[in-house]
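The letters A, B and C name the chains in turn, as written, and every chain counts its residues from 1.
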């Protein structure tokens, strides 16, 4: 019997404002693997990421989200974070008046093995900034306020490296548009994989971000359903053929169901 | 202890219902305080050794304005109404009780005063400070003398004024700042009172002491003036920060009020954007905890054309603290092309907090834009989700906001003494605050 | 008195107290005496308690100062207040006596002949009464009581209920004109909607008010019991000709659990009117009050409908528009008290000023410590149509509860030249283009009104825009 995966999404159906946007989604990610979630715009990829993290904007109507053997369904996002899930955002939200350093301290407070006192914290921050080629002066700036695209990504990757989650869900739907951001994310993923035996779920519709990455499995999502799962070779195929065939198949299915 | 009361302080120009108790505030001061003297003014001699005066600057501005003034009679309805009323009570009534002139609106007291002031066009008489005349007199008396800090045309200058309070005393600075055309002047005012002497303050004897500053600023044509006030006093002290600004053509003024401590604080500022294209940006950050009280009154009068103002206030209220912020943007007739914006964000971290906000816009001109907004309550949902997704619970988020207010101020403190005062305050509220932050600013 | 007060004991009493005692008291007792009040009461053949109430109110009235923050009421002949109070001897005014601007408004609005002839004198009341009775019959079948409040006071079945509610929401101590109202009120409507009864057409008070000829101090008392639903329309949009120039009515609304009341008003008084009207609603658990309010006309207006959300999850929404033209100073807005958990309120107002007119939006939002989880959203927009007019926005917020979400947005500006240019470039004359834009600005209010009132409101705006009135 295979060991149970780190993340196991089973029969997940979810809605926003009483409109169902995910239908019976299944997704398993064993520890240590790198998975990719692909699909056209509006397929529900980011929604899935937010649901795994517990975004209260969405309602989980059916199914389960098991992480590390524990049911996440009723846990608030901070509990899921402390259980070891990390979701990168397209960009951190702006929180005026809160310096980045104050925020980072709060994220590690009370985490066994991660909590650091003053000097230790600053040393670690310097290290991480150096690794990400980030000016430490940013630590004194207000979170998200006036940051460029690349800087915002650096802030997200900095947290990924600081928190060392068991599972990192990187929502990079739009990163392909920004060359700077793309570089930052690649570097962040690289460092994360090196420093931990981390597990990755990369959400994207752009295959460029996946170059030089050792991908284990690829999941394709269309219209709120996972329609295909395969090994890394699927990436090249999608690169050439796009998502049209999946979308057509989904339409045909829908048409058949309607009959 | 006998109390001295400054009544009707920080009154908003256009009052509203009195039962709300927001129209003004009353500042209670111990009556028997000695006049203290620990005021340090750190400024190069070139700034202090000056013949410029605030009054002189206003008189000169008045001359320019009078020269430009058109002599056409103004027969707008509000002007007719204000002048009619002035001719004697009941002037508009006819003997049979019917109304004489229905095309003339019945003005409120405020509207009448505003119209008459506008017609008079007198810079000196219109000059005001945020807290008002009584506070001004008190602070000027406590200060003893007024120090004038002035720049030469085209020059750059920097000054720091430190007012350090002590139990049993009133310590106040009275400053006139005059920035000559095309010059830059940067002022830092630190109102601090160390906790050492305040053991008796917590025993409900009323405030241990008073610190304050009275500031008048004239920003000459195309000058840049930067004023930052830190209030880091202990809870036993009353801090009174009163100021009034007059801006000539193209002047740029940036004001920062960072109010982190003080049992009772009153911050009041009024700005007269008298000449065209003047601009003022006001950035207020405050924190109140325990049973502290914060009072703010901002009045910005747009009189010149294409003038701009921004009032941004951001605060956290904890414990059983109380706060009232009055912000008035007055778009005076003739200020065509002007824009005023006012925005306040308040985080209420504890039950028992009292938060009052009145963001007023007065508008007597059509080609203008006035905007205000207020967000009061808790952390916004999208912010909260982000914080939670990184492991910060909603309870921790509130603690983070309080802490961040202090850390932000400490990180951006202009010098070691102000930074030390913020750390001292932080230590009082949060265990190991200073230790945690040590070296961060480096 | 004391017993009635307990009805609102849950609300912080200090909210209602006039506290600014330092203002000089004006003793304006000339004319209005206890004897006159007794005379009013006697003629109405009222219960003893009502006379006592009137006399106490009169005392309060004499002690109270005039408001100091709003438009001047100097022009109001307060020394001869009795002339406003005395039963209106000029009621039989003929159409010829109606001022021209109002007559013109009628012509252009196309007010039906019946209403016009009614306004011209007592002789035409029949048509109005007929309309009223028709409505009463339909409503009566559902158990709804809709009658004159004075008549209801003579019904033993209703006297006790009225006594327990009358001026408990608006106590005479509230402000000077509430006290005056308490002393000399006359006429008005009483509406009672029993539990669970939902009326799906609106009740209107327009005809009723005029039929009684008691417009100046009318008292409206509406009780909507649990799970009931009512839409009440007050005043209509037709301008009212009043010989007297003071209106100090009072409206008290009691909304039960899960009940819903929509109260729509378009006030378009003639421009010699000092309109100092007070309206207030108290809402129980999960109930809802909706105010739709249009203020046109009047020389001076003080009008701030107030919602007191006393029940858990109760709601209030206020949608208002105020148009101040030449010679007018209209100080309008609303008040909301959120006094229970999870209550919510929305406020959306539009203000327009033109031709030297003055328009003030004034509001208060009070969130008491009991109102954890309260949600409030206030948005007000003001439009300046020229540079001689004035528009002030004075919104006060007092928040004392945790986990609340209070948002406030306000804007002031004028019609963008680009919009006018765009419309003109498509062949729309400038005047029409402006009216079109102003109507669009007013649309959020218009769309909440029954169609015929929305049409009339648009016509009113059009008239104001043409400068044909006032």
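We adopt the following convention: contacts are C-beta pairs under 8 Å (C-beta built on N, C-alpha and C of every residue); 3 or more make two chains touch, one makes a residue touch a chain.
Given the structure is predicted, the values throughout are model-derived calculations rather than measurements.
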Request  = Counting C-beta pairs in contact, pick out the pair of chains that comes out on top.
outcome  = B-C
Note = Chain with Cα centroid nearest the overall Cα mean is chain B
Message = Centroid from C-alpha atoms only, then distance subunit B to subunit C, rounded to Å. What do you get?
response = 38
Remark   = subunit A and subunit B have mean C-alpha positions lying a whole-number Å distance apart equal to 45
Inquiry  = Using Cα averages as centroids, what's the distance between subunit A and subunit C in whole Å?
reply    = 55
Key: Residues of subunit B touching at least two other chains   = none
Ask   = Across the complex, what residues on subunit A touch subunit B?
value = 53-57, 76-82, 86-87, 89, 92-93, 95-99, 101-103, 105-109, 111, 117-119, 121-122, 139-140, 142, 159, 163
Remark   = Listed in rising order, subunit C residues that touch subunit B in their complex are 14-20, 68-75, 77, 80, 83, 245, 271-272, 299-300, 324, 326-329, 331, 355-358, 360, 362, 364, 366, 369, 372, 382, 384-414, 470
Key: Footprint of subunit C on subunit B - complex, ascending   = 14-23, 76-78, 85, 89-90, 92-93, 97-99, 101-112, 331, 333, 336, 346, 348-378
Subunit A-touching residues of subunit B, taken from the complex the two chains share = 285, 314, 345, 381-383, 385-394, 396-397, 399-401, 403-405, 407-408, 411-412, 435-441
